[in-house]
Each structure stands twice: as C-alpha cells, then as structure tokens.
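In the two assemblies presented below, subunit A is common to both, partnered first by subunit B and then by subunit C.
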Partner chain A sequence: MAGALVGPATLAVVLGLLVPLAILFRYSLNRFVPGRLMVDALTVENYVKFFTDPYYMAVLVRTLRVSAVCMVLCLVMGFPLAYALARTRSRWKSAVVMLVVLPLFVGNAVRAAGWMVMFGSRGLLNTLLGVVGLIDHPLQLMYTEAAVIVGITAVNLPFMVLTLESVVEGIDPAIEEAAASLGARPLQVFRRVILPLAMPGVLAGTILVFILGMNAYATPILLGGPRFQMMGPLVYGQFAGLNNWPFGAALSFVLMAATLSLSAVSNLLIQRRYRR
Partner chain B sequence: MTAGRVALRVAAGLGLGFILLPLVLVSWLSFFRDEVVVFPPSGYTLRWFRAILDQRNFVDGFVTSLEVGVFAMLAGLALGVPASLTLARYRFAGRESLGLLLLTPLVVPGVVAGTAIYVFQVETEILTRLPLVASLPGLVLAHVVITIPWTVRLVTASLVGFDRAVEEAAQNLGAGPWTTFRRVTLPLIRPGVVAAALFGFVISFGNLEMTLFLIGPGRTTLPIAILQYLEWRIDPVIAAVSLLQILVIGAAMVVTDRYVKLARVL
Partner chain C sequence: MARIELESVSKRYGDVHAVHDFSLAIDEGELVVLLGPSGCGKTTTLRMIAGFVPVTSGRIRLGGREVTNLPAHRRNTGLVFQGYALFPHLTAAENVAFGLEMRKLPDGVVREKVARALELVRLADLGDRLPRQLSGGQQQRVALARALVIEPDALLLDEPLSNLDAKLREEVRVEIRQLQRALGLTTLMVTHDQDEALAMADRLVVMSAGAIQQIGTQRELYEHPRNRFVAGFVGRTNFLRGQLIEPGVFRSDGGLTLRYDGRSAPSSAGAPGASPSGVRRALALRPERLALGVPADAARANRVAGTVEFASYLGSIIEYYVRLSSGETLRVHAPNTGAAGDRAWALGETVHVSWPVEVGLVLEDEHHPEEDHR
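Showing the complex of A and B:
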C-alpha cells in the first residue's frame, strides 16, 4: 500500500533526475573527438583538462571570488533586515516578508534587467552622477565584475534574510535585555550575545548564498556580458555552443561536487558545534 | 527611539531597498515614453504593453510557460500528495531516506539538472524516436522533477499536528478508504495542497537555469524569451513583459500566503 503511494513520485525523481545524472557522469568519462562528437572511453582526461588549463582555472577562481564577495555582502546587508524582521511586532511584518520573498520567484533575468536600467551608460546611476557633477563621461558600469557582484548579491540576499530571521526569532529577547541591563552597549550585545547565538543560521545562510553564487547563470550573462565567464555559463556553452558533451558533463560534475561538498561540510560543522 | 534603533531601521531599510530596487526600476521603465533607457524620461505611456502582443516570442513563451506550469503543477500534486501522506504516517524501513530522495532536486544546481535531463532526453529520443527535446511533454517531465519536492515539503508541513484518529473514526463509521480521503483527509490538508499547487506553478513558471537546455527553435518559455531579448537590448517593451511576469507571480504568491505562511516553508 505504502509502496503504491510513494512509488510513482520516487520513480519520477529517480528516472527524471538521478538516472540522467548517472548517465551524465558516465559521459564525463568519455572522449570528445571533433567531427565525431562523443566517443566511448573510460578516461579522466576531461577533469584533467579542467584542472590544468589556466583558462578554466581562471573561470573557477573568478566564480569562487565573486561568490565569496557576494556571500560577505549578503551577510552584512542581510543581518540588520533579518534582525529587524525577527523582532518587530508591526502588523506590516508579513507584508515585508512577502516583499523579501517575491523577488526570489520572479526570475533572475527580470532582476538583472532592473540592474541594467541602473548601470547602463545612460542609466540611472550615470545620470545621477552626472547631475551631481561627479563625472563628465558616463562610467563603464555594465559588463564589469562589480555589476555582476551587485546583481548576484541582490538575487541571493532574500535567502540570507530568511535564514537569519528564523534563527534570530529563536533567540529570547530577554537575553539581550539582560546583557544590556548589565551595561553592554548595543554593539557589544550584538557581538557577544546575538552573533554567537545566531551562528548556526549565519553558517547555513552564508553557505547557501555561496552555493547559489557559484551556480549563477542569468546574472553573469546579462550583467557581465559575453566575455565575463563564470561556471554556470561555461557549462551551458559547452553544450549549446560547442556540443562537447564529455567536457560539459565534467564541468557539471565539478560544479556539483563543489556545491554538494560545501553543503555537506557546513551541515557537519553546524551539527557538531551546535548539537544540543 | 535611541540612535541604535534608528541605525538598525536605516540598515534594514537599505537591505530591503536593495532587494526591491531592480524590480522597481524595471517596472518604472515599462511606462517610459522613450524607446531607450534615458533619465529622466520625456513622458509616460502604456503603449509598450500593447506592443508586447506584436512580439510572438513573448506571447508564445507566456503560453508555453503557462501550459508547462499548469501540467507540471498537476503532475506534482498527483505524485507528491500521496507520497507525503504516506511518508508522514506509515513507519517503514527506509522512510527517512525516501523522504530525502524526494527532496534531492532542491540541492542539484539548475544548470547541472538541465544538462543531465537534456542528455537523457536526447538519448531517449534516439532510442525511441519520440520527439522529447523542446516538446511540451519533455518540458513538463523535466519540470515535474522540481514541483515534486516543493509539493512534498508544503504538504508535509501542513500535516504537522494532523490527528489520525479522525480518519480511523471515519472508517469505523463505515467510510471506505477513498471516501475517507475525499471527505476527511483532503479537507484537513487543503491549505497545504493549495499552497503546493500555487507554489509548484510559480516554481515551474519562473524556472530559467534548468529549462535553458530543454527549449528549442519554436518553443521557449517566458523567462528564457526575456533572457534572450535582454542579451541583445534593454527597452520598455522587455520591461513591460517583466512587469507582467512580476504581477503573475506576485498574485500567485499573495494567494499562497493566505494558506501557508511562505516565510515558514522556504
């Protein structure tokens, strides 16, 4: 009985995703011969190619760097909002939570479009800077790493806010009041009381945001331009542009291995340090 | 109000503003009279919303996204609801790992899932000669993989505190399994099911990274039509399309929030 009810969903996930992933992994061990496309083989040369070619390593390093910067920005910008949301008793709270959540589902292309309006050569930021008199000629803001970082940070910020909000809600405000009544200044309360107690959420949120940054696709394409390569667009290019399945498959697995191992390590850390 | 509280409010407001700014800008642009991005605009107009209808890509993309979203949502419910009910109430070996398995699509990066499913569909096409890639069934099959975990998550969340005694009472009073489900279980889990339906639709409708690999000439979804247009240019037409997507998804989420608090399930 139970099997008949869970079976179809399980089958859908296994056939729909896990089997394809297994096949993809097998293909990552195949050989790519220009003109004949994929040739059966059992070789790790695609992985070797990735880790020895300076071009691909530069893409990986850039992806890691952008993700790390975005992660820090998300933490710094997300904490005040998460804290304010967790502590407020305003009747607008659920409306604000909704505003935080909505952009998540609108899609990254639409949000990148907003930043294109901001950063274009005749965009809002260049116009404002010109009006104020800070610049004579429009700055090149589009197609820069900074634009990509701003875009990815904005895309991932809601995840950080929601994760942090739920841990802060679990911290009894009485603890903060006790610290304050014992003479701690607000910043000390934050550093010595709130932050240590919120640490599991901070870890979970930063790792989540880092992973999402690594897998970004639309934002680097639209704000970074065709020459700005990150891992997501690189994978797509191997399939769509070059038809190099074995190498594209290997890239997918490098990306997924990085993603999964990071989340596994963070889960382990959180469980070991904060198990009650 | 102390200085610290003011500072906190300002910082929180900045965070919220940063999240919303791109959506606000794109909505603003959709009313510009000028054909290009220029500040300040020379005036405002609604004509770009009509201009969308001349762009077949957006109209077709919208229809495809709608079709895929509805079918993937229905299939996600048909598969996910019974699975979550079973997982929540029967104790059997491997129950927990089965529950995790159903959630795995949430942790696989969209680009990776897309490549894997693309390769799988191409190979299946070669074997069976059934057209899959860039077909409606092909897209639905792929999207079901991402609607199932959300259905399981939302329905499971709505089952917390569910008392099985009500079902047993119904059966003691002579109701068969189907009647029990329809008259007792379903009304009790309705909020979760409605939320799963809307959420599944939203997730499918907005999906970009995975779908990117599964479209082809003549069949794109709305988010991809938007992406492809933006790679070329930004103007009020694309902003109007974007605003429509924001409104569709926003409406679905406001309704969802009435049934299940969104902040609780993400």
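Showing the complex of A and C:
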C-alpha cells in the first residue's frame, strides 16, 4: 500500500528526469557536423573540446566563482537573520517571514529589471553617489560580475534563511543559556553550540543555494549582459542559438557533474568535521 | 560569609512586578529552596542571579563579588535546567568538560576533573555516551556534574527533578543533597513541589505574587506561618473563617466558638486584642493535630460534633472530611497505627472532632488567588 503511494512521484521522476537525462547523455556522445546538425557517433570529442578550450573553462570557473561567492554571502547574511527570526517572540514574526519570501513572488525578469534601474549608469545608485559627491563619473555597475552576484544572492537568500530558521528553531534556547552559564562568550556559544547543531541546515541551505547559483540563467543574462557568460546561458545558447545539440548536451553534463561532485564533497567534509 | 546575596532585587515588566524587593543571603554551603506556585517570580529570581534576566533595581553579589551588571558568562554560576539542556552533539564527558575548556584549563587537568566529576555522579563508565543514549536520570546527573565541575560560586537548580518519575525523584533528591553537602556548594533551588522543598532545604523562601512571604526552616514555616498563604502552601491546613471575640476566643462564620492559646502570626497585627474587632480572620488547624472520637477532657478544650462525609485510605494515614454541625468542613488525618484501639469511621457516622488550644493559629484572612487552583 505504502509502495503504491510513491508510485506517481517515481513515475514522474523516471519519465520527466531520468529518461531525458539518459537521452541527453547519449546526445553528448554524438558528433556535430555543420549543415547536418547531429550525426550519430560514439565519441568524447565534445568533452575534450570543453576541457581544452580556455574560453569554456573560463566560463566554468566563473560560474563556480559566482556560485561560491553567492553561497557564502547568503550564509553570512542569512544566518543572523534566520537566528533572529527563529528566536523572536514578536507578533510581527510572520510578517517578517513574508518579507523574506517576497523576492520569490517576483519573476526573474521583473526582478532583474529592478536591479537594472538600480545599477544603470543613470540609475539610483549612481545618482545617489553623485549627489553625495563621492563620484564624478557614473560607475560601471551594470554588466559586471558584481551585479550578477548581487542579483543571484538576492534571489537565493530566502531559501537559505528559511532552511536555517527551521533548524535554529529546533535548538532549545536553554542550551545556549547553559553554555553561557558555563562561561562561554556569545561568539563561543555560536561556534561551539549553535553552529554544530545548525550544521544540517547550513549544509542543506548552502547546497541548495550553490545549485541554484550554478544553474542561474535569467540573472546572468540580464545583469551580466552579452559578454558575461555563465554555464546556464551557455548551455541554452548551444541548443537554441547554434543548434549544436551534442556540445550543449556535453556542457549540461559538465555543469551537472561539477554541481553534484562539489555538493557531495562539501557534504562529506562537513559531516566528517561535525560527525554528530 | 554569604555566597549568594540579593539586596532589594526587583524586576518589572511594564507595570507588572514579576519580583518585588527581594532580599536574601545564602550562607556558604547552604541550600535554600525558593518555593511558590507557578508565576510567583521564583524562576525570574533564579534567572536574575544567573544573569539571563537584567534586574530593574537592586544588587546581586556572588562569593562577595558584585555581579549585578555582569553578563551570564562572567558570573561563575552552575546551572541545572529543568530539561537539563545538555549539548546534544557532545558526549557526557564533553558536556562536563565544556565549562573547563571555556576556562582554558590545560587538557590534562580537564580530563582529570571530568573523570572525577563523572565518578561523583556515578557515571564514570558512560562518559562516551551521547545525551540521547542516556536515561532521564543519567542525563540529570550529567547536567549536575557539568554544573559543579566548574566549582561555581552559586549552584542554581531550576526545578531539577520535575522531569523524572516519582520514584526516581526521591532517589535523586537525596543524591543531590548529599553531593551538595559533601562539596559544600552554596545552592539555590527553585521548585513548586513542597515535598521536594521540605526534603532538601536548609532554609526555605516561600514566594507569592513576586514577593517573599516568609523565610525560615521547615519547622518555622510549618509551626509559625506568617500568613495564610504560607500556612496553606506549606503542609495541609484547614482554615475556618471568622473573627476574634476576645484574646483566645475565635468565633467562626458558622457560629462555632473555639478556643486557642492566643497565638497569632506576627503579621496579623500583634496581640489579637489590639486589633480592631470585625477584622476578617482565619483559624488555621493542621489536619494531623485533630483527633476523632476522643472523649472530652480538660486538655482538649475544643470539641465539635460532625458527620464523616468522605474518607480516603492513604496508607500511613486515613484522611476524613468531617462536616461539622455548623456546616463547615474539617480535614482530619488519623494515623494508621494498626493498634487495636484504632477505629475506622464509616461514611455518615457521627463523630466528635477535638483539639487542644495550642493547635489553633489565627491568621489574617487575606485571600490569595493562587489558592483557588489547588
């Protein structure tokens, strides 16, 4: 009976995810011949092309860097907020939670448009800085890596906050008081008690945010501009723009493998450090 | 030298006086119990000493050191929480070691002290266990070892036994008491359980509505309660409402004229004759000091007829509710000695309740809302 309950979900995963992935992997071993598009073959040349071309490697490194920076920013900004939310007894708590989730209610394109208004050369930020007198000429904010990082961090922060908040709520406040009474300063309470106990949430939150960053699409395009490439847009470009399905498929698998292996490794490392 | 001193400590939340003008000095090695119903301010008081709740006014000293404005981590208090609050990710030994590590003691010393503390609470073999692998009683002992290994200026116990089942509770309270004595720990314990309080304390502080009602030994509180609240909270008591006719004579609302030896609680305005007549009073009578069916004699000046309304066989005593001829009810505890002369009284049976004059104590009939819940 219980087995039957997992049936529909299993079917959806198999048909919607595993089968297309298998087909995609098979494509990545095909050959692309201009004019004839995809030609059946069994070759690793698409992967070789990726790993030997400095341009594609640079895109991968940039994607990893942006995702990692966003992940760290989300963790550093999200933890204090999550902690405060988990511990507050204010009646405004649910309102604040709504505010945290609010960015998710706005579509990617709309949100990115908002950042464009903010970051443009005659945008809000440049205007303010000019008025205050800190700058003479508008700064180049749009179409930079920094803009992309800000954009992705802003979207992903709610996931981190919500994940961490639920974990921190499960930590008995008396445990923190016990640590304090035993002589632990607030920072020591955090490092020795809260952080280890919140580790499952930290792990889940960082992996989630990292995966979302690795696969970001709209934000890099809209805030990074045409010359700023990340893996997500690159994959799409190969499929839709260049009709190079084999190489696009190979890129997809590189992206997936990088994301999965890094998540797994960090999971292992952290679990070894905080064994319990 | 007192190790825990509170001087006119008060805590206000807005208009609410959670704790009002609380002064207490606990001597070195003494165990004082704060006893009171929930919401009386006893836990707030303990948390002010620990440094989790800032005082509104007043001063706190621990071991002669002013700590009123120190944060919790600089007060050197050992706390045992109601739910133990062990670190779930650390073993029993690591839990005990935590406070020593915070004091930056060398590893060797930490290991030695932890081993000794675990031995003290009879957990030497279980140091490697995580809290969730220990029983409630064992967790409790880890919490105790963790609190006392740092040699605190004050050991603070917050309802330490309330999560244990009844049988274990009695064992553990003896254990805690012996340990506390052996180590000479200056201790403040908070509880709402009067049996626990009476069994463990050197002195008790009875609290109600944020204020100290009385401080004293078990005997002082039981024999000389200062007011009606203390008389009702420490031990069981019958209260007959009424007023004083003249010194030594009390007239109950039901119309009984009862004699007592003129004892009044100090707060009941000194000598009974001096107080204005018509002030509401209550005559307090401990149930175990009333006798059933004893013939009239000179020693038992009070003798009232009634009928047995309800009886509970409680083992060492039999508790009777006797409806007096005046309509009032008295609870009487008859010792269950098993002697041939003992007589069990049946429901509905007519019986005389009698007691000597020195049993009665006249108190002001102040009404405490807490009593309604008990």
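The definition used in the following text is that the second predicted complex is superposed on the first by the 241 of 276 C-alpha atoms of A that agree within 3 Å, B and C clash if a C-alpha of one lies under 4 Å from a C-alpha of the other, contacts with A are read in each partner's own complex, and residues count from 1 in each chain.
As a convention for this text, contacts are C-beta pairs under 8 Å (C-beta built on N, C-alpha and C of every residue); 3 or more make two chains touch, one makes a residue touch a chain.
Model, not experiment: these values are computed from the prediction.
After superposition on the shared chain, which partner residues are touched by A:16: those of subunit B (first), subunit C (second), both, or neither?
The answer is first: A:16 touches subunit B but not subunit C.
Does subunit A have more residues touched by subunit B or by subunit C?
Looking at subunit B versus subunit C, the one contacting more residues of subunit A is B.
Considering only touches as defined above, state whether A:124 meets subunit B (first), subunit C (second), both or neither.
The first partner, subunit B, only.
Would you check which partner chain A:260 touches, where first means subunit B only, second means subunit C only, and both and neither mean what they say?
first
Where does A:178 make contact in the superposed view: on subunit B (first), on subunit C (second), on both, or on neither?
The answer is second: A:178 touches subunit C but not subunit B.
Look at A:193 in the shared chain and tell me whether it touches subunit B only, subunit C only, both, or neither; answer first, second, both or neither.
second
Would you check which partner chain A:24 touches, where first means subunit B only, second means subunit C only, and both and neither mean what they say?
first
Going by the contact rule set out at the top, does A:134 touch subunit B (first), subunit C (second), both, or neither?
After superposition on chain A, A:134 lies in contact with neither partner.
Do subunit B and subunit C land on any of the same subunit A residues, and which?
186
Any idea which subunit B residues touch subunit A in the complex?
2, 4, 8-9, 11-12, 14-16, 18-26, 28-29, 36-40, 75, 78-80, 82-83, 85-87, 90, 92, 98, 101-102, 104-105, 107-113, 115-120, 123, 141-142, 144-145, 148-149, 152, 202-203, 206, 208-209, 212-213, 223, 226-227, 230-231, 234, 238-239, 242, 245-246, 249-250, 253-254, 257, 261-263, 266
Can you name the residues of subunit A that touch subunit C in the complex?
So the residues of subunit A in touch with subunit C come to 172, 174-175, 177-186, 188, 192-193, 196-197, 274, 276.
Which residues of subunit A touch subunit B in the complex?
Residues 1-2, 5-6, 8-10, 12-14, 16-21, 23-24, 27, 77-78, 80-81, 83-85, 94, 96-118, 120, 122-124, 127-128, 151, 153-154, 157-159, 161-162, 165-166, 186, 211, 214-215, 217-218, 221-222, 231-232, 235-236, 239-240, 245, 248-249, 252-253, 255-256, 259-260, 263 of subunit A touch subunit B in their complex.
Could you pull out which subunit C residues touch subunit A in their complex?
On the subunit C side, the touching residues are 50-52, 71-79, 81-83, 85-90, 98-99, 102-103, 130, 146-147, 150, 156.
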